[in-house]
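Common to both upcoming complexes is subunit A, partnered first by subunit B, then by subunit C.
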Partner chain A sequence: MKVVVCVKQTPSTTATISVNDNVVTWEDTGSGKPNVVNPWDEYTIEEGIRLKENHGATETIALTFGSADSVDVLRTGLAMGCTSAVHISNEGAEEVDALDTAAVLAAAIEKVEDVKVAMCGKQAIDGDSGVMPMLVARKLGWTPLTFVAAINEITEDSITVERLLENGRQVITAKLPVVMSVVKEINEPRYPSFMGIRKANRATVPTWSLDDLGVSVSAPRVNWQKIYSLPAREGSVEMIDGDSMNDKAKKLVDKLFEEKVI
Partner chain B sequence: MSGVGVYIENYEGKMMTVSQEALGAARQTANDLGKSLTAVVIGQNVADVAAAAFDLGADSVIGSDHAALAEYRAEAFGPLLTQLVQEAGLDVLIAGATTQGRDMTAWLAADLNAGLIADATALKVDGDRVVATRPVYAGKLLSDTVIPEGMQIISLRSRAFAPAESTGGSGSAQWVDANVGDISTEVTGFKAKEGGVSLTDAKIIVSGGRGVGGPEGFDPVRALADTLGGALGASRATVDAGWIPYDHQVGQTGKTVSPDLYIACGISGAIQHQAGMRTSKIIVAINKDSEAPIFGLAHYGVVGDLFDVVPAVEAEFKKRLG
Partner chain C sequence: MNFELTAEQREFRHVVRNFVDKEIKPRAKSVDENHEFNWEATKKMGPLGLLGLQVPEEFGGADVDTISTTIATEEIARGCGSTGLAISAHNNLGVGPIVDFGSEAQKEQWLPILATGQGKLGCLSLTEPGAGSDLRSIKTTAVLNGDEWVINGSKMWATNAGIAETIILLCRTDGAEGSRTLSHIIVPTETPGVIIGPPERKMGLNGSPTHAVTFDNARVPADNLLGHRGKGLAQTLATLTKGRISIGSLSLGLAQGAYDASIKYAKEREAFGKPIGQHQAVAFMLADMATEIQAARHMLYWAAWLKDQGKPYAKEAGMAKLFATDMSERVCRNAIQIHGGYGYSSEFEVERMYRDTRLMSIGEGTSEILRMVIGRHLMAE
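This part shows the complex of A and B:
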């Protein structure tokens, strides 16, 4: 049984993001690393590796779709313990919408063969749509299991998981193959070991083109007409002062009643 | 044929708040487009939910009511949603951007090869298209997005739109037989969330951060939330430390919330936390460290030990609220 983890490269959380003429750029002067593994995907990678370590999966394959430098996120996956990785090049298809991206990932998962569990993070912190796992499931015709917080049991042909929903936790059993998205509660991602990093840096990562996958992409179904910065917040913080704690509390509560938020 | 549809979520026989908000936003959109508004209801014993949809402004209701739909499963609800949308001839479908709403809008988009916009915070109509504004890049930017051709599928962030108001409207729903024979998944349990208000629906959230110091440190924070009828939030650090369960986490790898009032107690306000709460209407920061980044985002700040400030604030609210 093979497991595929879909990983995306995103701007780092602490990156400063700017937009000019609808073109988004970013830099991270603090960490010096402007691009990272999408934070939600760290849980995906970890869970994919655990399925191999603890539940009899034979391989855990990391997959990404993007530019040449997005291979970096695959090396992170390899350093953590993925057995191999595949880069799908977006050359000639820089603007791909969610549905076509799902078609690309689905075709790659099929090309890997014998995959029983495909996983994605809950959402990516750039597009923030949170729809990719379901779209990939539909493109493959596999059962979707989204927002998974725990895998209770996995056998040769079925899986039981807990899905974290607004009103509680749903326990659900499905036949394999499935496409899962996982939330943070599912695990605590490991740090890559020094040996892991060395091994990952030496690993050969094959690149597949859209032609290799037999997928063609259409014009995006969604246009980002205008991208812009948040309007600056009016005013600055009003610090509440007072002679005593009770006095401060009284003043704060007065303000909140005036704001009509109570 | 064309029309605007709203996917209605129900839980324990009642319409979810986010669906009331979706009805409000969709009613306005339908009016601006000069189209009718259809509510799509799927579940078991949902006649009351259909009636509520008429009352909240739907011109018509199409749905399926079946024992096999008692609990949400994507494979049961998804094909039905596609079928109902097609039978009603809808060309715009609006839903809440909940776990279920994200699932269902994506299912529909894949089936109909249609454009999909998730988590919109504002809608307007331009000609015959809907322009949806949505936060992107962890809430650091906004994007006005549009689906230029064909079916338009849009989900809405909780609490970004005012809920529809009662119109006194009524009507009879069109019930379609659900063909839910061969479904491979089985729901074997549901653990309902214990007490308290759902974070994404909450008007008031009181959150604790590293400053609470341990699991017991949440007691005054929880007490203030209870006094205000609000929900209890938490920073990532406290969840990672095991002081409070994950479903309380606000921020980048937790929940995104936009309450009327957000009170951050002992939370420094890292960029990851801000990503989850920056759209709150009024933000109050209570922190010992006057240099904490949270004060840069807050509307009101109190510098002090949360174990002194929070109980004093709670006592004051108790006095006023009786």
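This part shows the complex of A and C:
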């Protein structure tokens, strides 16, 4: 049984993002690494590796669709413990919408063959659309299992998971194959080991083109007509004065009522 | 000439920085205040490779080069000087001599435990009440009795002794005085007759325990002799030469941490209608700090690179430690100056960093000894 973990490269969470003339740029002087593995996907990678370590998966394959630079996130996956990785080049298709991305990922998952579980993070921190797991499941015709917070059991042909919903946890069993989206409650991602990093840096990561997958993509159906920074939030601070703690608290409560905060 | 780190080294730095920001930096204040060693983070270091930085992979180590070791040490110290010192002492002093001088059997016995975090840490014990920089005055003895060494004597300032699995002891294995009767012996801390005193009260680095250790007829197998009998001093000096890069890296990390805090504060704090960093007096201090930090980092990487190339590096390591430790004191001092009254308060981390960095120009070769070492090299050239 093979497991595929879909990984996306996104700007670092500590990056400073600027917008100038409809162009978005970012840098991260603190970490020196402007792009990282989408933080939600770290949970995906960890769970994929655990399926191999604890649930008898034969391989955990990291998959990404993007520029040549995005191979970095696959190396992180390999350093954490994925058995192999595949890079799908976006050459000639730099602007792709979610629907076509799903078609590309689905085709790649089919090309890997014998995949029983494909996983994504619940969303990516850049686009934030949160639709990829469902789109990929639809393209493949597999069962989507979203917001998975625990994998309870996995057999030859079925999987039982806990879904984290607004009103509680739902335990659900589905036939394999499935496409899952995972939430951060599912595990605590491990740090890549130095030994893993070295191995990952030496690993050969194959690149598949869209032609290899037999997929053609169209112009994005969604256009970003204008991108601009939100105006800075304005706020003011008022120190509440009073003779005693009780007096100060009373004034604070009155003020909060006045401002309709409470 | 290429000043770029390799992709692997950059990735190491990213991983360690991330680990330090999540697991070490948030606890730095509390480990100092409560005099507690950060075991929780240390246990997580094993799988990463931070406890066996230069241990071969076959024994569970990361086996990274000296530049990567320098990077790792700097990053940990940036988050917490105490944890940095303990982990650096473990790698360089407690584990390094076993890698460099140990027999295959000793490596198999000790390295997997020490490098993976299965056991406690490593420790090297040199200093005695009457012997610090002058190691030839060491009096602790180990007498071979059948197939056991019987050890007697007192040691001081043993970093990590209270959190250690093993102590590598420098002691006299033959009656005569001088430098050729000293040897290293591996002593498990659980050995009866090994008495580890309470943690010393210190100015800083309170989350890194330092102890006096007494040996009262402590018996260990004859096979625990590390390296060659009578070569203890030479082995110690080789270890300390390597250690100089790591103490330099600790100083660099502390200075970087103090600078990071200062630049942030200088942008936020306003005086006379503008951020204090826009006043020349503060901007000049920041400029000097950044310049000196950069210089120290280049000196340390240079010494580490020489070592990785198999070239002589003792003079350069000495220079790098001498400069980095003094530099760190100046930077941490000015970090407090920039923070003003807040900097003197223990609520702000620069106060702790200033106390922490004070040890660096003393431990593993004082600045005075280093000047002698460098001077000797210069005169011999």
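The rule is simple: the second predicted complex is superposed on the first by the 250 of 262 C-alpha atoms of A that agree within 3 Å, B and C clash if a C-alpha of one lies under 4 Å from a C-alpha of the other, contacts with A are read in each partner's own complex, and residues count from 1 in each chain.
As a working rule, a contact is a pair of C-beta atoms (placed from the backbone, for glycine too) under 8 Å apart; a residue touches a chain by one contact, two chains touch by 3 or more.
Keep in mind the model is a prediction, meaning the values are calculated, not measured.
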Check your understanding: Is the arrangement of subunit B and subunit C around the shared subunit A a clash or a fit after superposition?
Key -> fit
Practice item. Applying the touch criterion given at the start, work out whether A:240 contacts subunit B, subunit C, both or neither, answering first, second, both or neither. Key: first
Check your understanding: Now for A:75: first (subunit B), second (subunit C), both, or neither, which partner does it touch?
Key -> second
Practice item. Return first, second, both or neither, reflecting whether A:28 touches subunit B, subunit C, both chains, or no partner chain. Key: neither
Check your understanding: Mind checking the angle subunit B, subunit A, subunit C on Cα centres after superposing, to the nearest 10 degrees?
Key -> 120
Review point. Given the touch rule stated above, what does A:125 touch, subunit B (first), subunit C (second), both, or neither?
Key: first
Review point. Touching A:59, do we find subunit B (first), subunit C (second), both, or neither?
Key: neither
Exercise for review: Kindly classify A:198 by the partners it touches after superposition: subunit B alone (first), subunit C alone (second), both, or neither?
Suggested key: second
**Study point:** Smallest distance from any CA atom of subunit C to any CA atom of subunit B, in Å, after fitting
**Key:** 8
Revision key, fill the gap. Dual-contact residues of subunit A (subunit B, subunit C) none
Check your understanding: Which part of subunit B faces subunit A closely enough to touch in the complex?
Key -> 11, 71-75, 97-100, 102-103, 105-107, 109-111, 113-119, 131, 134-150, 184-193, 198, 200-201, 203-204, 228, 239-240, 245-247, 249, 252-254, 260-261, 271-272, 275, 278, 281-282, 284-285, 295-304, 308-309, 312-313, 315-317, 320-321
Review point. How about subunit A: which of its residues touch subunit C in the complex?
Key: 31-33, 75, 79, 190-195, 197-198, 201
Review point. Which residues, counting only subunit A, touch subunit B once they are in their complex?
Key: 11, 13-14, 17, 19, 24, 26, 39-40, 97-99, 102, 125-131, 134-135, 138-139, 143-144, 146-147, 149, 160, 163-175, 183-185, 188, 221-230, 233, 235, 237-240, 245-246, 248-250, 252-253, 255-257, 259, 261-262
Check your understanding: What does subunit C use to touch subunit A in their complex?
Key -> 7-8, 10-15, 17-19, 44, 47-50, 53, 57, 62-64, 68
